[in-house]
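I have a structure here, written as structure tokens, and I will follow up with some questions on it.
Chain naming follows the written order as A, B, C and D, and within any one chain the residues start at number 1.
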Amino acid sequence: MIVIMRPGASPAEIENVEARVREAGLEPHVTYGPDCKVITVVGDERAVQVQNFGVLPGVDRVVSVQAKYKLASVEARAERSVIGTVPRSDSTMKAIAFGGEAIPVVAGPCTVEGREQVIEIAEAVRAAGAVALRGGAFKPRTSPYAFQGLEEEGLEYLAEARERTGLPVVTEVMTTESVPLVAKYADVLQIGARNMQNFNLLRALGAVNRPVLLKRGMSATVDELLHAAEYILMEGNPDVILCERGVRTFEDHSRNTLSLSAVPALKHRAHLPVVVDPSHGTGYAYMVGPMSRAAVAAGADGLIIEVHADPSKAFVDGAQTLDFKAFEKLMAELRAVAEAVGRSVAAQGE
Amino acid sequence: MIVIMRPGASPAEIENVEARVREAGLEPHVTYGPDCKVITVVGDERAVQVQNFGVLPGVDRVVSVQAKYKLASVEARAERSVIGTVPRSDSTMKAIAFGGEAIPVVAGPCTVEGREQVIEIAEAVRAAGAVALRGGAFKPRTSPYAFQGLEEEGLEYLAEARERTGLPVVTEVMTTESVPLVAKYADVLQIGARNMQNFNLLRALGAVNRPVLLKRGMSATVDELLHAAEYILMEGNPDVILCERGVRTFEDHSRNTLSLSAVPALKHRAHLPVVVDPSHGTGYAYMVGPMSRAAVAAGADGLIIEVHADPSKAFVDGAQTLDFKAFEKLMAELRAVAEAVGRSVAAQGE
Amino acid sequence: MIVIMRPGASPAEIENVEARVREAGLEPHVTYGPDCKVITVVGDERAVQVQNFGVLPGVDRVVSVQAKYKLASVEARAERSVIGTVPRSDSTMKAIAFGGEAIPVVAGPCTVEGREQVIEIAEAVRAAGAVALRGGAFKPRTSPYAFQGLEEEGLEYLAEARERTGLPVVTEVMTTESVPLVAKYADVLQIGARNMQNFNLLRALGAVNRPVLLKRGMSATVDELLHAAEYILMEGNPDVILCERGVRTFEDHSRNTLSLSAVPALKHRAHLPVVVDPSHGTGYAYMVGPMSRAAVAAGADGLIIEVHADPSKAFVDGAQTLDFKAFEKLMAELRAVAEAVGRSVAAQGE
Amino acid sequence: MIVIMRPGASPAEIENVEARVREAGLEPHVTYGPDCKVITVVGDERAVQVQNFGVLPGVDRVVSVQAKYKLASVEARAERSVIGTVPRSDSTMKAIAFGGEAIPVVAGPCTVEGREQVIEIAEAVRAAGAVALRGGAFKPRTSPYAFQGLEEEGLEYLAEARERTGLPVVTEVMTTESVPLVAKYADVLQIGARNMQNFNLLRALGAVNRPVLLKRGMSATVDELLHAAEYILMEGNPDVILCERGVRTFEDHSRNTLSLSAVPALKHRAHLPVVVDPSHGTGYAYMVGPMSRAAVAAGADGLIIEVHADPSKAFVDGAQTLDFKAFEKLMAELRAVAEAVGRSVAAQGE
């Protein structure tokens, strides 16, 4: 912690800050400059309310030195994490892993609309090269009058599609109560952007034996995303996959602003894999191709893309959804870009 | 719904949109201008995926006409809502109401730290003129290593402070599981900014016989706040108090950007009372006074302010917390401003 | 300047930073903590490229300690600045001042549309209590096809309105070339939000014997606004009035997000007066009243408000413009709020 | 233009809007729905103040249908623009073009610091494969105390570097007065983000026989960028190159948020080439590589990258600057990514 005093701070004000620092069990070091006085504080600042020092007389502002996450940080682990699905003994499911050389593409509808729909889409995306199936059974919707998902029935259809295609299932869990239910059907449990700081849900997923795909909140910084991951990690689940899905800004040409620099920024700070959701990140189908290619070029460890047989008839988010033909074309482009950056697009059963 | 075609859209593309509109059970009206073709659609657009029409060939963009909330809207109710606490038969609690001529000020610590602390603060804020006590027993914290609250013990201290002072208790509920517990102790249940779109929690509060103070999410629009309120209203609880507490922007002089224009904007759209939280809205104690006065001048129906005996020692958020003297001074200022805008600051027991 | 090293930084990396600091003529002080190493640097950091140290091996980040403005800061001047118009020997103009106890209200059309229009409005706003006339003769417009102002003809009409009403003229100057022309007619020269960092224009106004009303840029921080003011101050013009007019955020209920906390934040840092523009700050007439009252309650030293005889027919920005009746009502409200906060609304000729 | 009435709007209010529309020379078409009344207006809305209709009684809001730019739009030109440098008869300069299959990389220092510096860098970036030289002689700086550039002396060094290497010069022009001077030395005139809406400067560049590289403002939408381009185009200069350089958001992991979706969004709307500045767009050297690759993958028609012999000693922006080795490595990566998306990195003299 560093306490920066106002230029005109008095010796008594500096002494008061020093006394308060010592009271908190930490050690102050004062440095005097021509225009400034700075108190550098040694010791574990996680134990104190750093910002409180800002209200003491004569203080200009306080700067935190330590990140508040530990387990997620690159310092905590010598190598980057590679996070794989958990085998299912009675299933045809083909394993995938995030964070290695090969980049898995997860695809499927925004929401499960029915049995045939999800099976048709699963087969089409597998044919095009996807290695996992996405699809929402519980849907967080801004309006209470909007379609809220098929719930357990939707999970059953996803599981059936998995048995037909071998694709592991990635699906969202919205409440702590439904964690056991969703964990029974899902291979990767997704936490949506609106729940990134639903701390009880994060803790509940810390106790689950499945990878968690944690989406960045609409206005969360990358550090806040890592703090959220820390909640899961510290409860004992080391398998957290981070996901950039766009943030909210003034821009109106896209639904969200997909901030691809979050990919190198997260990999600079943490050992966890980073995937990108270009569908929610842009909101328009015509941008999904360019931004998927860009994500792979920027170092993403996976993609999660919305695909539907007829996007104009999708129950949810049709405007940002690719049809089968567009998805197939995109997969070919992604293989070329992945190769150009020394990686590959993951293929099923490898 | 209005579908705006690209300038070069063909007659076949327009016909296709018309056909799709009819398929959805709605009626299209095409208007041709020199540079534009617009399809105005009559019928209840809540039944369709408005944005899906955006993927049809030749479409430039789609504009939604109807708000998706009904119960919250000014059209739904002839008069503005006045929302009062529910009487407690075995309590000395003095009722308060939001939305009337008198403006209640809720004050107290960010978090309950102990029995003596909360009682001391409750007595001080009541003496200064507050009519309700705030204090967190369950705390949503960015970092898992930060203090998370005293939980039920904290609720008991709040209840004891209520009996000592007559001040109703406003406190946050973070999970659906804890709704019955919190509802037992609290007079107003607060939903924090991070939970504004925790839809299951919203629904659970729709079944509670207590007012809900719903804080606007960090990057939620005012329309999204009203949609969140609608979740509570449609489950049968009409007593929703909206709260502006600042949004996240590029600004770095304050913790959040307190957007006071949300006060007139919300009152323009909805009949529900609007309160302001200048403590979280600014993050710095020196701004709390000016922004509290401004909130009252802008038409706020209540204030919720953080107060502590010694802010520099608060467990949480000391930097934005007033001490007793500053709060007392502020209350006098608020009475003058309220009077200037034809209202009053609510006094206990009136 | 404070250089925060990565937790795993090596002794050699620390020594390298120390050497570079000394090379720059500054003195490093290293503090070692359990998890962190921090290098506090004494000396005038304005002489170095602070952020460059961030590229040295082992550095996590660099924190600037000193503000880069001096003349604008509260440390530079014992008292708050009161900035008045410059007398005109051959004019009926009545002087006004910003920053004192009395709060001037500047009102008038967004743009000068014609001789009669501006005179009619000037008389109406003076009758309602405004003490200065605003109106654009040169208009910055997003689209090249939009009305760009009457230019010198517009300035002449403003001057004529001044002689009729005694109201000093506040009008925008957009280019260095037109500074002499505008300075001839105007009593306060306004720099628009888009020109806040037009540094040559700022410098040109530093040489003018007229107060400058400097609007905050759409995405400028308060510190950047003060740096812009510093450009004017250091060229010799001490009369800079700062103006909050809303910033660009994700919010869609208003044209900009009027950030009233900028008022206390600017007054905390600088001795210059701060005025508020609630018209551009909101974009909607129905919010102008509440936000004007709020601005005064928050400590604003002036208001600048758009008024037109028939806003629906205004050439520019009608949606945010008050008609005469609404403005008259607002002035009465402002007098009450000003009194409530121990000030007054300035009256002509006092 | 579409006028959306409030649900409770009266017949008289609707008639009043219709009358006003006719008064403006346009034709209203009213559509009545169960919950809504909408007035679709046919005719050239560029002639009216669309937002003014928002103040009429009973109006909820007004939606603009037409974009206000014409010359920049994809409808205005059958093919995408390819914009090349203007030959210099007495120079060794090798031509380049933006918007074709080959992608030019522009590289060089943030600012010209001296003769040797710029020549050394020019030779190094040419050796690595850059085909144009960037470097600022006039620098817009937030603080008046910061280095402001070598001015004409800097331009001379850039011209000398051009003769040594054949690299055309891209450099910023900040004022209308200096347009002739900069145009004499520069091959592409850059307008910085802070000047994107300096409309007089835009107009002045409309009369210059050189391509203009127009950077997007820090909080400008893509439509506003296209309006700014329109100012140049309508004055007769068809050679405008658009540049995405990051926008200002709440994110703190990067200096700006590089919004790569602006690349497909701009190409969707306009026929002009789009280049990306990953140096200002991120602010940190370690992100420049990933984001440069991503930009090419997203469809960028060029890159402009800051390179310095020793970034830690750069006068300006060292933190975001690559050294020679990092730039050389990046160029090899970019060739691979360009090939993967069916393009190439432009080579000198082709």
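In this text, a residue touches a chain if its C-beta (ideal position, glycine included) is under 8 Å from a C-beta of that chain, and two chains touch if they have at least 3 such contacts.
Given the structure is predicted, the values throughout are model-derived calculations rather than measurements.
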B-D compared against B-C, more contacting pairs: B-C
Farthest chain relative to chain C (centres taken as mean CA coordinates): A
Interchain centroid distance [CA atoms averaged], chain B/chain D, Å: 39
Mean-CA-position distance for chain C and chain B (Å): 31
For chain D, residues that touch 2 or more chains besides their own: 219, 247-250
Partner chain B, residues of chain C touching it in the complex: 219, 221-223, 247, 249-254, 257-265, 268, 281-282, 286-287, 290-291, 293-299, 333, 336-337, 339-341
Touching residues (chain side chain A, partner chain B) in the complex: 20, 46, 49, 51-56, 68-69, 140-146, 174-177, 194-195, 197-200, 218-219, 224, 227, 230-231, 234, 247-248, 284-285, 311-319, 321
Of all residues in chain B, those that touch chain D in their complex: 2, 4, 6-8, 29, 31-36, 38, 40-44, 63, 65-66, 75, 248-250
